[in-house]
Structure formats: structure tokens, C-alpha cells
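Beneath this line is the structure, given in C-alpha cells, with notes to follow.
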Amino acid sequence: MTSRTDGATTTTARVRATLARRHRGEAIFRGLGILAVVLALGFVAILFTTIISKGLPSFQQSRLHLEVFFDPAIIDEGPAPVHEPGQSDADFRAASLKWQRNLAMLNWNKIVEDAIRRAAPEGFDIDSRAALSIPETSERHMLREMFVQNPDLLGKTVEVSMLASANVDNWLKGTIDRSLGDAQQQLAAPARELADLFAENGTITRDFAWSLFFNVDSRAAPAAAGLAGAFMGSVYMMLIVIVLAVPIGVASAIYLEEFAPKSRLTDLIEVNINNLAAVPSIVFGLLGAAVFINTLHLPLSAPLAGGLVLTLMTLPTIIIATRAALKGVPPSLRQAALGMGASKTQMVFHHVLPVTFPSILTATIIGVAQALGETAPLLLIGMNAFVAAVPATPLDQATALPVQIYLWQGNENRNFFEARTSAAIMVLLALMIVLNAIAIFLRSRLEKRA
Amino acid sequence: QSRDTIQIAGSSTVLPFASIVAEEFGAAFPEFNTPVVGSGGSSGGLRQFCEGVGENTIDIANASRRIKASEVEACNAAGVNDIREIQIGFDGIVFATSADKGDFALSPVHVYKAIAAKVPVDGEMVDNPYTTWDQIDASLPAQPIALAVPASNHGTREVFQEKVVSAGCEEAGLPEMSEDDMEAACTTFRQDVVVEIAGDYTETLARLQSNPDTVGVFGLSFYEQNRDTLKVATVDGVTPSLETVAAGEYPVSRPLFFYVKGEHIGVIPGIEEYVQFFMSDAMAGNGGTLEGAGMIPQPADKTAEVVSNFENGVSLTASDL
Amino acid sequence: MIAALLLVLLSLSYSVGWSKARAFASAGASGAKLHSRPQYHAARLALWTLVPALLVLVAWGVFGDLLSRNYILGLLPADIATQTGPALETAIQRVRSIASGYGVAGELADYEQPAGQALAQFNFIVMLVMLLAAAALGIAGLLFARARITPRLRARNQVEQVIGLLLLACSAVAILTTLGIVISLLTEALRFFSFVNPLDFFFGTVWQPGFATTGAGSSGGYGILPLLWGTVMVSTIAILVALPIGLMSAIWLNQYAPARIRALVKPVIEILAGIPTIVYGFFALVTVGPFLAGFGDLIGVDIRATSALTAGVVMGVMIIPFISSLSDDILNQVPRTLRDGAYGLGATQSETIRNVLLPAALPGIVGAFLLAVSRAIGETMIVVLAAGNAPILRANPFEPTSTVTVSIVNQLTGDTDFAGPQSLVAFALGLTLFAMTLVLNILALYIVRRFREQYE
Amino acid sequence: MNPAEMMDHPIRLTARDVTVHYGTKQALHGISIDIPDRAVTAFIGPSGCGKSTFLRCINRMNDTIEGARVGGRIELDGQDIYAPDLDVVELRARVGMVFQKPNPFPKSIYDNVGYGPRIHGLARNKAELDEIVISSLRKAGLFEEVKDRLSEPGTGLSGGQQQRLCIARAIAVGPEVILMDEPCSALDPIATAIIEELIDELRENYTIVIVTHSMQQAARVSQKTAFFHLGNLIEQGDTEDIFTNPVNKQTQDYIMGRIG
Amino acid sequence: MNPAEMMDHPIRLTARDVTVHYGTKQALHGISIDIPDRAVTAFIGPSGCGKSTFLRCINRMNDTIEGARVGGRIELDGQDIYAPDLDVVELRARVGMVFQKPNPFPKSIYDNVGYGPRIHGLARNKAELDEIVISSLRKAGLFEEVKDRLSEPGTGLSGGQQQRLCIARAIAVGPEVILMDEPCSALDPIATAIIEELIDELRENYTIVIVTHSMQQAARVSQKTAFFHLGNLIEQGDTEDIFTNPVNKQTQDYIMGRIG
């Protein structure tokens, strides 16, 4: 018992011999992991910096602060009709619409122009076209709206804050080369001069662009365009997708993985679901148009139809991911539950699902995010549209954030295809981050409870 | 209750104009909602238009080309019989380069020689040998040839093909060959220097940014809005502008349309008013809002004819086309 | 009103079921044991009550409009009622407006006022009848089901059967979707084949669907092969980018990263999945493309700014989270005793991961991978912008290319004749893609089965 | 317990010609056995002989193993448990099982034990549930060790603690038949004694089947013993007889072979 | 083996004041012990007293448990195994472990055993590997039972078979120190005898630490015994001494309490 038979020592020696190589392998592997994460994060960082650096300027916007005189000489429409007793609602509405319509026909541009001239230095030479190119064109409607709300304004002068036009905004922000000649400029020379003057004397200020959040889309008045309608449309669709796709997706995954007899038929269903994930999204649009619009007569351009289409599109993602998660649950857990006299349903809902919950959340996030960023399928159900209203219900016409992004980036005005597009992307991303945050919050809470 | 918002869809060229009108229409007519204007291309718009009659189909289809006989037939088959055609004006198509590049004075034959896969050299068809513009014509800048042209799904492509390339092809004096071969020779493009753009003009603009030597094809209105970064080329010595196109001097332009579903008039509120508003002087007329947005107005008598046809309920049939 | 009715029915039936079952349970000492818990009896009763009631309400929803319309037709004067089209619709609408109390603008025709009132009354009665019918049927169901409660009644099994059916119905949604897609593609695709010879379509090597008016509209321009080739090339590149990065990130996050970093990094990567693809497209066009081209210059390879490579790389970035996040979760579920087993033998961490964890997690990871591949095949916007839209059959990934999905979108949304082959080809393309991915998936299933057997 | 006493025990479970295949491999070859009520039956036999497999047949846990096929007939109180209209879930609630490898749920200790009573509606309120959980843990001899950490995960317990947790979990449901697959394999003598006492106590009212490798344990706790070998039931009978006077040579060899 | 003989055994492992916390719960309170080379040391003690925890400290398996913190010092051949520059992989190759719950890989039986030799490069070719696998399985007394199904998954084995598979897997690497956490808990007497024989044989060349609940087993196979209670090492010494003449009252109680 003095000398050890050398079995063990040779073993150790052999282990040692390969150790360096194995550790190198380990280091490489770990390095690759870090590299992968760094690369992935790097992509995120690059994308974010690009988007944010482009989008940030559009969160600021030039505004004019003008004294507006509601000139009775121009506004000569008489008082607003009142609801007389005995008059039917419909009749009253007709009368007041007529009044408003007549108001709309008035020359509000003249009122705006007067206000500009009043603000300009004495004797500043500017023609009316150039003068009107300073405020955004939609602001005359804003004045009219003010007047409709409050007819007492007639004959009064009030200070009104108006949006400056997109061209003025670009000029003042310097997004357009100031040294270019007249021919290459969007604004006439006197308008540029006046804009600079206004910026100096505080008639034009740079404010936070609330309009971006609270206005609806606008073509005629690029500076007034906002995301409110698209945002609501996206929110509705997201809710529909979450409410429908998640339960249906998880339920079918459960059925296929836990309940369905393993047969040709289930194989077929499995293949079929995997296949659906590869169907180009626009084809779902075709399907949606055929089923939801033409057969079920859902309204066109409505988030309801859009949400349903996106639900169908998201389903495979959620089903596949959930099934993958269910497959990973160790059999001993299932047996423990069944052995306790739990029914299959109870086993699934009490034990298997809680364990797979994080994966299901991940699947949901990815699926919903994908749906949230999708444009093509909306094309065919009329949601790829210019909609100038905030939808009040999921049945109203609406558009969606990615659609807005798509429309804006295709717009010829640089105000849109550069800054606003990026700003819209930022809003979309913010929405997604909120969604993510909620999911993570839920995940951590549920993990704690388990 | 029935739908109370007009539904429009179709060409992305018409989209900006229609959107502006829709918005102004909503502002001017408090009793009507602002119409919803969808994109999806002329084809997509007309497809939806011809889906049938009823609330869940669109009322108006925008198109950057005329409706085709086959489409009218498809429409009729689905019960859409009262198709009213409205021509709204013109769209000019221009060639432009980055603003810091040399001036281009193009003619169709230059473009043909730059773009065709095979060109005649000494009466023989050979693989296109040109690599810079000045090899084609000494008057052009010595700049590598690169072109961004609309892809074949674009209406613009048709115009570009017809009014520029085919015209240039004829001028170039091709050797004798069969009609089919001739056609192929005129329509086959080089793959190396030509990029086909399937998306919007912003995409073309992005191409110009990623390769500054590119000569791109744009809509006139797009160019108007981006004069600081783009420089336009003359074609046959004519500088494209609202005036030259309207006067018919600038050769490359196309008419724009929209189609109204007669069956919906009176059911969906506001369709008639929308059409009249669209065609009013303040919108589509000379000096109107749409001209400011880059649409080239058509002569006033044409507009009057279009409107009276509409009001008289003249509907289009396949045999008209 | 309806919601209130349903709520009342629900609580009523639930409490009835509960108390009856409870009663048996308390009396349980006397004899048979209660098979199912009272909750299940209650749920069963609720089902028996609500389903009939809901059926009535659904029927009302479907046919109610028709009913009132017919009623209005009866109220209208004959000359109006026999009209069709807009005039009739307007008349009906006016009567409805009056009935709703909102009224209509302008003069009323003689018949309109009484018709409106009659309709209002009619609507009221119909609603009442319906609600009563719903309640009555619900209660009938309740009584019927209640009478059958016995201690041995397998209420749980019944309720679970319903749950099972619901689950089955949910998976049927996916099947129906497929059916819907096939049907909505098939007719149009067939129309396309009436224009173009299928052989030319499936085996053609030239994709050039021009305008009918400018020639090239012949069937020679509809070869799908260049598009398929582009699809394969771009997806392969995307997977080559996403698989290593995604899987390695998942492994690092799961095995090496401190918990805090993992909690932070994972959602950040997930953001990649939600960036609209159009943004990726522009990113590819403006940033990645020129970068790759510059890089190519540097190493002396001619890489075009818009190429299969650009599109593939950017698409790969987009699908990273599909692989990384899902794989991470799946790795998490592998029981730790397995890991311990390998460590205990002296395996290094990477050996444990490669030899034990990955094989055990393989089925799930394959699922994630399939999802990513599918996404790559189905993706459009990135390719539209980044691949250069050049549907030409060539092997070089550094040259522009195009894919099936891009062509579908282009042909469907352009200005082409929607009734002609230029646009109809999109349906044929869609159907072909569908069939091809189906075959691929069947193949994948088969391979996965064989591969997996080793590990189960 | 003498044979006379044994007579009072009516037969609770009868198995006739039970066979089990895993894929192509046959694990049990025609097992026939009667298991008496209110008594403990011990299954002994070398590792891999099919004890666990047969135990799993009794509450149909083999149904959950892919590729496992069961033949023959098993009756509980005269009812065929493989009959198509039998409610497996109810069967498993009546026939509880403690698995060979402890498999606590990844939930808190409290929830592990409370789960069964909860799904079977055995507690009317929280207080009753508390009571069931505590008394089950106490019977399994685990309560003192874990009383301060009832809300911590059951997977963080030591091997023996997990095993006792699984026993507590099984008895909390109050099954009529309890199947225990080596319930004391990871337990120290004291804990083993507690479990054996528990078994003795449960025997008064329940039918108990236990798999064990310890001859002493079989001798101590069981009234009937069955000896399995290579998938066959070699010998069965009163424990006393088997241990003192085995008929079969193999049984004798196994019991005498070595005392564990 | 008499105490004199014991003297030749140099100390292989020394532990000084080892503490382990799981989160806030302290599982070991300052354990100090010397473990001799070429001898079997048995850890005994009631369930949950920290035996497995201490065992896991010796090959640093506690590193893999989140929230576990180890204090104090453990030396193997005079080298601090918690030194920052120590190679854990090498340590674990030298200090093999059989876990309390059998945990075969979801691979074939062959691959389960062949895995260790393969990663450590112990076999030059397939034939050598075959030999290692077969001899390891044979030593663990499993070969005869599984020789026809080497390519079937290890998870399809019976409980006892899985346990022996894990033993085979551990010895296939040829570690210098072998830690066994209740290696015979799921084994029948015959299989137990085979494993005990194996341990006896391995003892000639290796250092062995075994956790067991069977006093007889401890008495039969070990030369040294350590008694744990509530996270403390109560008593340690030559097995004979501990069993015949325990110094500590608790040890005495435990050993006498009842014989398992």
C-alpha cells in the first residue's frame, strides 16, 4: 500500500493534458456569447441612435403668436342658430350645419393675413401669398372653429398661437441649406426674411410639439400633422390582438401539445401552423378582405378588422413559441400532478402553464410587436389610409402607427420623410417598450409567486 | 346604420392630392366626415372598387392611369355598373440628379442608349458599351451611368417606357429586325446600372443618396418640394415645370383620374359634394390648392366637361376604352 | 340591458349549482361521495344556462336587422317599397331615424311619422320578446341541468370536456385560416394560369412582368425561379446571421450573464422584433448597404450597396430575438439536475451547454428556429428596399436580387391592371410560396422527428 | 398479525394477468395478485424487476408514459379500472401515489401539500386548509423542520425532506389506497421510523402498497409480501410466511442473499 | 481494519470552519474535518442536517446553486480548492460525484457513461471507450441488465438502474476522490452488495466519501464516520469507535435510536 497504482494519476495527467485546450474552447465559447450579445445590442444601439437623432428635432416646433382680429367686415354670417322648442333634433342640426358651412366659405385667409401684416414691421413689403406661407394653412380652420365655439369673438382682437408652416419650421431649424438661391428655396425671399424677423422678436417661438401627439394626420398642413389617430388605431388593434391572439394561441398550443391524440391529423395541424408563420403578411390582408370585409361585412378601415387580421397573423408565432415552451416542461412535473389526482386540465393550468409563463410572455411580446409594426396586411382592408380623425371605437375608420410611418416616409415633404417619420417610429417604439415593461413586470410578479 | 364616411383608395400618386382635398372637404363641409383615403396603388384601389356594391366596398378609386377594359368587365361582373370617370389633371415626370452634380440636358435617345441592354453601334446590335454619360453624347457630364427608374408595377414606368425609352429607341435608328425583336430591344434594360424602384420617390431619393451618381426618375411635385437637394434635367431642351407641362411642351407627363361608384351616390353621404369640391377652381383649378401641391391642372373646359359628364350620370363601359 | 340579463343568469345559475352541490356534499356522510367539487357543478349549470340564452341573443343579432327591415317595408307606401337601390335605402333610413327619436331634416312625408312610431313600438316589443325568450330558455336549461345533479354526476368531466372543445376550437382557427388563404388565393391563381402557361411560370427563368401596352406582357416574363432563388438566398443569409448571434446570445444570457444583466438585455434585444420592417429597410438602404459596399471595396470584393447580402444581414438582425429570446426561455426550463450531472463529471460550462443543455432543449429551439426561418421567408419590406429589386437568376449574393414576397406586394399594389396577369400573378406567387413552405415544413417535421429520437 | 386476523381483510384490489410493454420490451409478464384492504402489502425484488411498473398500473400512471401498453385486468372494489368509462382522475384521487424519485412542484411547501385538498375541495376555508397542510406535514415528520419556511419553494429542500414532502402531499388528499414507491429510501432511521409509524396508523383505515428494498422494513410494516423477479411475480403471501418460510428458491435466495 | 492500520492513511482533504448559507438560511455551521486517503469516510445524520450540502462543497457544486455562499477553507492535497486560480473543471474531474437523486442525461445509456471519458479525452479511440463504458457498467452491476439496450435512453431505466448508471458514469472518469450521496438508496440488497464491493475495491486506490442513512452500511464499508446534526459536525472518528463507543450523546441517540 505504499505506491499508488498509477491508474488515477494517469487519469489526472490525461485530464490535465487536455485542460488547456478545453479552457480555450470554453473561453472562445464564452467570448462568442459575449460577442453575440454585444452585436445584438450594437444593432439596437445603432438603430436607436439613427432614429433618435433624426426624430428628435420634430419634437420641437415653431409657433406664431399673433393678434387676431375677428373682423366683422369679413365674418358677416349672423348669429348661430339656437334650438327652438318644437324643432326636431334633425332640423336643428341642419340649421346649425348650414351656418357653419357658410362660415367655412368666408375668407379666413384674409383674417390670417391681416394678423401677419399687423405683426410685421411697419411697411414691410410682402405679397399675400408669401405672407400666408408663414402660418400653417390649417390654422384658418382653427380660427373658424374658435369662432364657432365662441361667436362672441366677433369684432374682438385676441392673441392666438398658431403653428408656423412646415417650410418656415425647416427654414428656422436650418434643415434646409440657407445659402441656396431663391430658385431652390421653398419660401419666397420676403417670407424668409419675415420669418427670421419673427423668430428674433419672439413672434415665432420654438415650443414642444404637442401637436405631434394630439393632432391627427394632415396632408394639406404638414406642420399640423400628428399621430393621435394612428396611435389610437394601433392601440385598438394591439388590444384586439392581445385579447384574441394570446388566449387563442395559447389554447391551441395547449390542445396540440397536451390533449390532441398524436396522429396524422395533429401532424398535419402542426405542419400547417408552422407553414402559416411563413405566409407573407400581405396574404393575410387578402384573407382579411375576403373574410372580414366581404363575408362578415365588418366596416372598412376599422381597427376591428385590422386587429382580426393581425390576430390571425400573430397566432402562428404564439402557437409555435408556446408549444416549444410546453415541450420543455419535465415529465416528472406532469406525473406529480396527475398522481395527485389532478385532471389533465388541472395539470395544465395549475402546473405546466405557470412554469411556461415566461416563455408565453416572450412569445406574446414578440408576436404583438410584430403585429404592431406590420403594414402590408392593412393595405387590403383599407387601413393603409389617410384618416383625419381619431377613432372613438374600434369600428371607426382609423389608421395605424406603422401605416403612418409608411405614409410619412413616402411623403415628398422633408418635414415628413425625415424628422416626422423618425418621430413616429420613436412613438411606436415607446409604445412597444411600455408593452415590454408591462410584460416584464408581470413576469417578475408571477415568478415571485411560483 | 350605414357608413357615413366616404372611402377612397388607390394610386399613391393621386393620394397626396386626394388627401388634401379630403381634408379641406372635411373642413369646409361640417356635415360630412373627412373622407378616408387609402393607398395601395391604382391596381389595388380598382380591385377594391370593383369588389362590388355596398357599404363594405369603397366609393372612389384613385388611379394614375385610365381604367382598363378588363377591369371594367370585372367591375360589371361584380355588379358595379355605374362607373363615373373623373380626370383631375396631370402628373409630370422628371429626371433629376443630386443638386451638386453637373447639368443634364437629356433627350430620349440619350436615355435609351444609357438604359438599353443592347444598342446599335455601326448598324450592329451590341451589348451596351457605355459606362459614362459623355460617351453617349459629349454634351452630357462625364459621370458614370446609373439610373433609378420606376419598376414595372408603377404607372410611371409605362409613361417612361412609352414617352422616353421607346421614343429614343426609334430615334436611335436600330437595324432592320422583326417587330418582336424590335420590341424586345426597346424594352430590355441593362441590369448593372439600372435600379428599378418599386416604392415611393423617397426611395429613389435614398438611392441618390447612397449612390450620388444616380439619375433618378421623380414626379414633378416631388421635385418641387425638394429643389434644394435635387437638380432637374431638361428633356429635349424643355425644363419641366407646371407651365411647360400644362402647355404640353414638356413631353413626359400622364393624366390622373379617379373613379366614382355611381351606385353609392345618395347612399353614402357627400360623394357628389366631394367630386364637385375636388373639381372646383379652388382645388383642381389653375392656381388652386392642388397646383400648389404639385398637380398640373388641366384646361378649364376639360374640367367642365368632366364635371358635366359626372353630373349627367355618364358611366363608363368597357367599349369606351 | 343584455349584459345585465346575462349577469343575472350567470350568478343565478352559479349559485343554484353551488348550493345544490353543497347540499349533497354536506349530506355526504349519508352515502355516496360527491364526484366533482361544487364549483364544477356550478360552472356546469352556468354553461347550461348561458349557452341557450346566448344562442337566442346571437340569433337576434343576426336576424334582427332583417326583421325590422321587413317590417319597415310593410310600412312604406307601395310605390316606395317596390323601388330598389339608394332611394329605398334612404327611405328606410329615414324611418329608422324617426323611430330612434333623432328625427330627420326637412319636411316629413305623410307616411313617415306614423311609420316611425310604429317601428319604435315594434322594436321595443321585439327587444322585450327576445330578452324574455333568452331568459326563459336560459332558465329552462338551468332547470333541466339542475334536475340531473346527483352526487355521482361527473360535472368536472363535463366542464372539462367543454374546455377541451374550446381548446380544439381554438386550434381550428389556424386550420380555418389556412383554408381561407388557400381559397382566397386559388380562384385568382387559376385565373392567372388562364393567361400564362403554368410551365412557363414554374420553370421560367425570366421575371419581367411588364405592362401589356408596352409589350413584354407575354408569358415569358413570368418565371418564378429567379424569385425563388432570391428568397432562398436572402433567407439563408438571414439565418446565417441570426442563428449564431441569436443562439449564442441566448446561451450567454442564460448561462453566463448575471441575472441583472439578463433582465436588462433580454427586453432590449426583444425590441428588435418590434421595429417596423420599413425602418429596417431604410436602415439597410442608407446605412448597412453603403457600409457593406465600402467594406467590400476594402477587401477587394465588389459588393453592391443594395444586394442579397444587405437584405439578408438586416433581416437577420430583425429575427435575432425570435431565436434568442425564445431559446433563452426554453433553456431555462431544462431541469437543473441535468446541469449538475454534467458539472459533477467535470464538464466545463460550455461542454455542459453543448452536450447536455442544448440537446435537451433541442425540440424547443428547433421550434424557435422554424419560426425565424418562416419570418425570413415571409418578410417583405426589408427586401423591397435593401435587395435592389432585381429579379435575376444569379448566384452572387453581392448582387441585387428580389424575392417572392416582394413581387407579391409589388404586383398587388402597383398601378397594373388588376384583372390582368401582371397583378393576378401575385396570387399564383402566394400559392406557390404557400405550397413550397408546406413541403419544407413537412420535411422539417420529418427530420426533427428522426433527429429527436436520440434524446427522448 | 396472525393468519386468522388476516381473514377479516376483504380483497380490495385484484390484478389478473397484468402485462406491461415499454415499446417492444416486456416489463411485466402476467401478474395476478390480490391486495387486501386495511393492510400493508409490500413489493420486494431486485432492481429493475418491475415493482414500480406494477405500482404505476394500479393508478394508471403508465397511461402517461409514451409507448407503455398495459394488458390484463385490474379491479378496485370489483370495478375494472381500465374500463373505458372509468374516470381516471377520480381513480387517482382515490389511489394516491408517492413516487420513487421525489418530485415536488416548483411551488411553495405549503402549496405543494395544499394543492390536492384544494383541487378536490377538501377544505371549506383557509383555516381548514391550514389544518390539513400542517397535520399532513406533521404526520410525515417534516413539520418541525420547515415550519418557518412554508412559503419557500419545495425544490429547495434536502433529498430526504423532499421525499417526506411528497408523502405529506399524498396523504393530504386522504386517498383510500396509497401506493408508496420506496418512501424511505432517502430517509434517516428516525425519519424512517416516523413514516413507518404513519403507515401503521394509516393501515387502520386504508389499503397500502409499499415498494421497499429493505427486508427489515417489509417485515416490520407489511402483512402481505409479494416478491417480483424479472417481471414475474414469483411468490406472494403473508409476510410472516414469506420471510420465515419461502416456498420458492428464488425468494429464499433473495431474502437470505444478504440483509440490506 | 484496526486503528494502527488507519495511521498509514495520509490526510487527503481537510476542511476548516466551512459554512454554507442558502440565501439567509445557514445550512452549515463551521465544519472542520480531515478526510483520509484510500479509505471510506461515511457521513451520517438525520435528513436535512447538511450532509449533501457539505459533500457539494468538496467539488464546488454549490457554485452552481444560486444564492448559495460557502465560507471557510477546504484543501485537497494541501491546495485550497476555493482559491481563485483553481481550475474547477480539473477539480471536478478529480473529485467525482454521484448525486442523491439519480439524474441520467437524456441520452443513450452508452453515451451517459461515455460522456465523461469523452470530454476528458480518456479514450484514444472507440474501442478504448467501449472498454471503459463496459467495465464501468460492469463494476456498477448494471451491465448484464442493460447490455442489449446500450443505445436506449438512460431515462427509461428503473429507479435503481438509474442510480447504478450514475455510479458507472462517475467512476468512468477515474476520479481520485469519489463523493457518493446515498448511492444505494434505491437499490435492492444484491445490487447494494455489488456497490459496496465496488466501494471496497475502489478504496484501495481512491479517497471515498459516502453519505448514507443505513448504519449497517456505514459500519460495513467505512473506516471513518462523521455525524452531522442540524448543520453541525457533532462527532467524527474511526467508524468502529463511533459505533461502539460514541462520545456524544446525540450521536449515541441517533445510532441507537432505531436501526434502519
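Just so it is clear, A, B, C, D and E label the chains in written order, and each chain counts residues from 1 on its own.
Assume a residue touches a chain if its C-beta (ideal position, glycine included) is under 8 Å from a C-beta of that chain, and two chains touch if they have at least 3 such contacts.
None of these values were measured; they are calculated from a predicted model.
**Q** If each hop has to land on a touching chain, what is the smallest number of hops from subunit B to subunit D?
**A** Minimum step count, subunit B to subunit D: 2.
**Q** What's the minimum number of touch steps needed to get from subunit B to subunit E?
**A** The least step count works out to 2.
**Q** Top contact pair of chains, counted by C-beta pairs?
**A** After counting contacts between each pair of chains, the winner is A-C.
**Q** Select the chain whose centre, defined as the mean of its C-alpha atoms, is least distant from the mean of all protein C-alpha atoms.
**A** Nearest to the common C-alpha centre lies chain C.
**Q** Averaged over CA atoms, how far is the centre of subunit D from the centre of subunit E? Could you give it in whole Å?
**A** Here subunit D and subunit E have centroids separated by 29 Å.
**Q** Determine the centre-to-centre distance between subunit C and subunit E, using the mean Cα coordinates as centres, and give it in whole Å.
**A** It comes to 54 Å between the two C-alpha centres.
**Q** Rounded to a whole Å, what is the gap between the Cα centroids of subunit C and subunit D?
**A** Chain centroid spacing, subunit C to subunit D, equals 47 Å.
**Q** What is the distance in Å between the mean C-alpha positions of subunit A and subunit E?
**A** Result: the chain centres lie 60 Å from each other.
**Q** Which positions in subunit C touch two or more other chains at once?
**A** Residues 156-157, 282, 335, 346, 348, 351, 409, 412-413 of subunit C touch two or more partner chains.
**Q** By the touch rule stated above, which residues of subunit D touch at least two different other chains?
**A** 89-90, 101, 119-120
**Q** Which parts of subunit A, given as residue numbers and ranges, touch two or more other chains?
**A** Counting only residues that touch two or more other chains, subunit A contributes 15, 22-23, 26, 332, 343-344, 355, 379-380, 409.
**Q** Between which chains is there touch?
**A** Every pair of chains in contact is listed here: A-B, A-C, A-D, A-E, B-C, C-D, C-E, D-E.
**Q** Note which residues of subunit C are touching subunit B in the complex, please.
**A** Within the complex, subunit C contacts subunit B at residues 85-87, 89-90, 93, 96, 208-211, 213-216, 282, 285-286, 289-290, 305-306, 384-385, 388-390, 392, 400, 406, 409-420, 422-423.
**Q** Residue numbers of subunit A touching subunit D in their complex, please.
**A** Its residues touching subunit D are 331-344, 346, 350-351, 355, 450.
**Q** Any idea which subunit C residues touch subunit E in the complex?
**A** 259, 335-348, 351, 355-356, 359-360, 454-456
**Q** Once bound in the complex, which stretches of subunit B touch subunit C?
**A** 1-2, 11, 13, 39-44, 46-47, 50, 63-65, 68, 70-71, 73-74, 151-158, 161-162, 166, 183-184, 186-187, 191, 195-199, 203, 206-207, 209-211, 263-267
**Q** Mind listing the subunit D positions that touch subunit E in their complex?
**A** So the residues of subunit D touching subunit E come out as 22, 25, 44-48, 52-53, 100-102, 145, 149, 156-161, 163-164, 181-182, 184-193, 213-217, 254, 257-260.
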